[in-house]
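Would you mind keeping the following structure in view while I ask a few things?
Each chain gets a letter, A, B, C and D, in the order it is written, and its residues are counted from 1.
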Amino acid sequence: MQPLALPDAASRETLLTRYAAVRAHTRSLAADLSAEDQCVQSMPEASPAKWHQAHTSWFFEALVLRTLQPGYRAYDERFFFLFNSYYEALGPRHPRPARGLLTRPSLDDVLAYRAHVDVAVETFVRGCDDESWCVAAPLIELGLNHEQQHQELLLTDILHAFSLNALRPAVLSATAPAAHAVSPLRFMAFDGGLREIGHRGADFAFDNETPRHRVWLQPYALADRLVSCGEYREFIDDGGYRRPELWLSDGWTLVQAEGWRAPLYWRLEDGTHFTLHGTQALRDDEPLCHVSFYEAAAYAQWAGARLPTEAEWEAAATSGTALRQLFGTAWQWTRSSYDPYPGFQPLAGAVGEYNGKFMVGQLVLRGSSHATPRGHERASYRNFFPPSARWQFSGLRLARDL
Amino acid sequence: MQPLALPDAASRETLLTRYAAVRAHTRSLAADLSAEDQCVQSMPEASPAKWHQAHTSWFFEALVLRTLQPGYRAYDERFFFLFNSYYEALGPRHPRPARGLLTRPSLDDVLAYRAHVDVAVETFVRGCDDESWCVAAPLIELGLNHEQQHQELLLTDILHAFSLNALRPAVLSATAPAAHAVSPLRFMAFDGGLREIGHRGADFAFDNETPRHRVWLQPYALADRLVSCGEYREFIDDGGYRRPELWLSDGWTLVQAEGWRAPLYWRLEDGTHFTLHGTQALRDDEPLCHVSFYEAAAYAQWAGARLPTEAEWEAAATSGTALRQLFGTAWQWTRSSYDPYPGFQPLAGAVGEYNGKFMVGQLVLRGSSHATPRGHERASYRNFFPPSARWQFSGLRLARDL
Amino acid sequence: MQPLALPDAASRETLLTRYAAVRAHTRSLAADLSAEDQCVQSMPEASPAKWHQAHTSWFFEALVLRTLQPGYRAYDERFFFLFNSYYEALGPRHPRPARGLLTRPSLDDVLAYRAHVDVAVETFVRGCDDESWCVAAPLIELGLNHEQQHQELLLTDILHAFSLNALRPAVLSATAPAAHAVSPLRFMAFDGGLREIGHRGADFAFDNETPRHRVWLQPYALADRLVSCGEYREFIDDGGYRRPELWLSDGWTLVQAEGWRAPLYWRLEDGTHFTLHGTQALRDDEPLCHVSFYEAAAYAQWAGARLPTEAEWEAAATSGTALRQLFGTAWQWTRSSYDPYPGFQPLAGAVGEYNGKFMVGQLVLRGSSHATPRGHERASYRNFFPPSARWQFSGLRLARDL
Amino acid sequence: MQPLALPDAASRETLLTRYAAVRAHTRSLAADLSAEDQCVQSMPEASPAKWHQAHTSWFFEALVLRTLQPGYRAYDERFFFLFNSYYEALGPRHPRPARGLLTRPSLDDVLAYRAHVDVAVETFVRGCDDESWCVAAPLIELGLNHEQQHQELLLTDILHAFSLNALRPAVLSATAPAAHAVSPLRFMAFDGGLREIGHRGADFAFDNETPRHRVWLQPYALADRLVSCGEYREFIDDGGYRRPELWLSDGWTLVQAEGWRAPLYWRLEDGTHFTLHGTQALRDDEPLCHVSFYEAAAYAQWAGARLPTEAEWEAAATSGTALRQLFGTAWQWTRSSYDPYPGFQPLAGAVGEYNGKFMVGQLVLRGSSHATPRGHERASYRNFFPPSARWQFSGLRLARDL
């Protein structure tokens, strides 16, 4: 499994320290959620928080402990079936839309499973021979990045479930973060020419970020910040959701079929939106979030601009130019379909199913959101979702030809 | 609201004693279910156990306390919306297929709500004036019978949810009840002629059992016991699920669309079925359960018999003839559509939505099941479900023309 | 096949004369429809006019000629598959929702098929021995009644297809029939007691009208005419489609899901409706047509009345009392589910699938409509459709308890 | 409307000659189809042949005659509604899935409409002033290319309809084309580097082929011919449709949901497939056709190869290297999502809806098929369909990294 880079300073203790930190963060995210909260699944695309906690443990068990630890004794053999997500190579699994039916195992049982796996991983890392270590280290690193992805998904998914409950509970503390002061949006120019994009170096990256390769870019400009809620409201007020000429055909069909009139969690009637901190007043200076690719593209069309390609985004992000809100605010829809890079090869074995088999029918998002774990983002990161997805923390940055 | 009979010995304390007993039984049924278990909804037709516990309390609050108790202070005003089932007269409500999303209020909160309502009902009953009492008493009696219906539904619904979980948990203790010795099935003859069916007397009955009225019956015979699992297995072995000539047209369509090969919880490959006591070996001498009307009718056709009409069933059940398993084993599908009785009038007010508005597209079941609360059954009882329903405790008794 | 009565004056020539008349009427109904018109299927429940013409010929071929005429040579063996409707006993068949795909065989081919069958039936009837004749005669009579049913369906189905075409073509001549003078609606009283309903005598009837049997009726009253469009418009104007308390639960769900605001072919915005004679002004004095059972029942509820049971309808229709519009105006929804009569036995063989297997989930309509072929109606006739069906010529007559 | 190039030799008569030829070809394609055949729509994605004939005329009427010809008198104003395909800018339209309901206007009427439009276009072209001519000429050229696209669609769509008819009629003469001798498949190498793709020059091209732009390619190889049926049969025999590791995730889901076991029109049980020439024996040496993108990608995976990108395909096709079957055999799925080219601008006005609004969720196919009109293909042509589409004449050519 050569494409997986060894972690920085590959000492076993360093990795165990990082392992402990990531695993603890997952638990802390769910700490204020009750057992009931953690069991719910509000739509087939979302998963229960308990399932996220179990599946991220399953990952280490299925891909490291079961294959590399001689005599490994599973916490419960049936979990191998229950908490497989989509790995065909690892056999049948509990159906995805029915994850919310798993009232058993209980949350306590899942937390015990997590603890069991944690002990087993620690024991394994400290005791395995060097040959096993060379195989295991990149898999554990992959597992930690995998868990960080699920940390964000845990928040997006419970937010969706809570949004459908008339009690409108807050996922996190009810204190909303401080206001964003919006400065006038400026377009920053970037030269065209031959550029390189994709992951480089020994640090961890997912296989879909490789290989690094050359692309030819035309000169272009990117907005120095994300579109704000106030700007998007102008689009709405200008009839944005009623003007087919602004929309891609599939998007327009969806607008009509679903009756979209605003971003997913907006309530136009009282000027609020639903957030991780519960219902909050919509502020014009906030960055826009929870729009689909269709809405992002329609807004850009209305604004006389367009969405950036992923290559433009990455070239700009690594250029040193002072673009704001690249990371930590909202994922940014690009105008790039999620296609394989030239020369792309998925990882060997079951982990090869991680990214490659989803490379059709999705759009690339770049950057990261306020729900992305710190340290998980990077300029070459390729997030991807179907163009209709709105429950992610997804916004947009405008682009223009020069 | 004259059609509601006053309870036996209409003293207030007698009713309170009965109230306490019924309410306690609901709690006891759910006592071994975790908060997670009580939150799950496995299909739109089923409801979470927590919802059943809350809705049965809502019934007393919405129909008695809010209307008759001056100054009644609700436990939480929002519950009036959350736990309305289908009463259009009482305003909008949380959507039925989304009951499983209600992780909040928590189970503890719902139990506190139950306690709040119990105290309020007790206070009201002891303190109200006679005029209010005359209105309230039949409503409370209706509420208790309503709660008893939900006691059975709570079991059918959680059984369905557990059946979809690979861990196959047991709802009740894992000890299966003792075996049934099956005696040879005999048909008992009944004379035809003019008979009366429907509820009579001052005891409680639902409005759909009234008015008592005359029907003309041809001579007929009923089996003295229910069809057993062994008998049904012969039907399966004889190609019952592959022979369209045995089926009603809609049933045959469903057999093919859903791939039915056996009753809902049977597993032919290992000779087991899933029950309230977990997975159990299928015994030939057990009464058949969890079949749809379509399957019941196809079996009867195969057996050279037919299903009884509801009038035949009721006339026989009140005849004094020694029919077994009338009550307490499995609900018995009849060949009668759930139509209104001649002269039927729904109750006045919101409780008029209880039965009448469902009188189309359903079939009548008679008797009661092993999951029906003791004391809740009677010969005039009209249970009803769509012909495709299999998750109820439903079996069949054969009938023949004479 | 004893239940099929021999036709009146069972001479072979008499039957052939009738055969020729019925067959010619089918052709005449379709005479003004182009080959394209006759090929279209506007929904799964409807069939193309060409298919109706072919299937009614298939009936004689499949059930008479193939089984009773030695050496019968089919027009085209493949038609046996293409034009079977739902007879499981006669093997697989072209899928019902795809009947509109049958551009081949052409209309000319189907008309040649009809002619081929007509010649073969005539030859058979004149030449068969007495034993065959006794078997064939009731089957041919059944086939003619079957064809008469399809004559009405041909009209209902093409009307539905044309209603979806912005050109709004007229099925029949564009001259609307003369106006109906509406007299004040009066309720006629009928005694209760023991009555007999169901078919009696040697004339033809479908198996579902038998056996004749006794029923007990309470005293009741029936309106002396059907509900008019003007009366129904008052229901609409009074918010009939917005008041859940008037509706059966399934009906209310459908009203909301489908956005019903008026009968199927009404256009409230310009006061017209679409008819066999094209778009026509809605006249208050016309009998109401194209309502579902749900609408009929809601209207009756609003009017402080109810729908009659089928036994009430039949007893009244045979009582000699001067009820108007019993036949020839619009089918009349009853409050009776389509259940088997006591002692009902379907015909033996494939024709046993004609009625019995549909006896669940449907409601009985009585009388006949302006599209029913003359001579086809009778008081014991049981028409049946699902409660949601609106494309039939279905109206209603009010009833009341006395 | 500057992006539309003026046609070669822009004389009016030259264009009229070409106009007459293209229009005549449409009629000739449908000449052997009956009026019934031309009315049928077998799925929402397909359209009736009559509709294709009408819509291609509507295009000239709506975009040229109505806007540029003073006093133009429409053949029938209602056709403007009936035969609009998807142009939101031109108002509401008959719903796409209901095109098969249009038995009226009749085929004769549509042919008269075509003739009316032809006369009007001819009159307009000969009589308009130069200013109008400059606007009209590119629109007419677009209309002719549009009609050529519909010529192919007419064949794909009627083939699909006929495939669902047990009579299995032949669209074209029942004589299958001569056999293809398959030579061993060879991979031809192509250098990487900076290349230009996209339309260049004054000849007609669709807007989605522009602007011409630079792309960077890695060295690669392309198969010198398309995959054959015999080669694909090896994939099937090797369990291709049962091995999830070969499939993209969405493709595998579809394989299971739809029960795919072979290309759309193959019948494995008797070794035939359904073609424009009716049912024919499958020959190993034929080029594969009627596979989805998912099947193409799975086959490539199985074969240890991949699909080419559209840039690779175009660069190779214009390189002078002797690749066979580039055009005229089967459209070739590429690994490129249908994204806009850098700097892409849709045409102004209603024709801007032609391509741009479909640029999401589809994959690019290159080349042309045996059903593409001669003269319509070119190396920069970007055909596009959803990855699940199988009813087009779509095959594949393998590619490899070097």
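Everything that follows uses one rule, which is that a contact is a pair of C-beta atoms (placed from the backbone, for glycine too) under 8 Å apart; a residue touches a chain by one contact, two chains touch by 3 or more.
What you see is a predicted model; the values in this text were computed from it and never measured.
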Taking each chain's centre as the mean of its C-alpha atoms, give the chain farthest from chain B.
D
Computed distance of Cα centres, chain D from chain B, in Å
58
Please compute the C-alpha centroid of chain B, do the same for chain C, then give the distance between them in whole Å.
37
Between chain A and chain B, the Cα-mean centres are separated in Å by 46
For chain C, jot down the residues that touch at least 2 other chains.
none
Each pair of chains that touch: what are they?
A-B, A-D, B-C, C-D
Quick check on the complex: what are the chain C residues that touch chain B?
86, 88-89, 194, 213-218, 244-245, 247-252, 293-294, 297, 309, 335-340, 342-343, 357-361, 363, 387, 401
Tell me, which parts of chain A touch chain B in their complex?
34-40, 42, 50, 78, 81-82, 94, 98, 100-107, 161-162, 164-167, 169
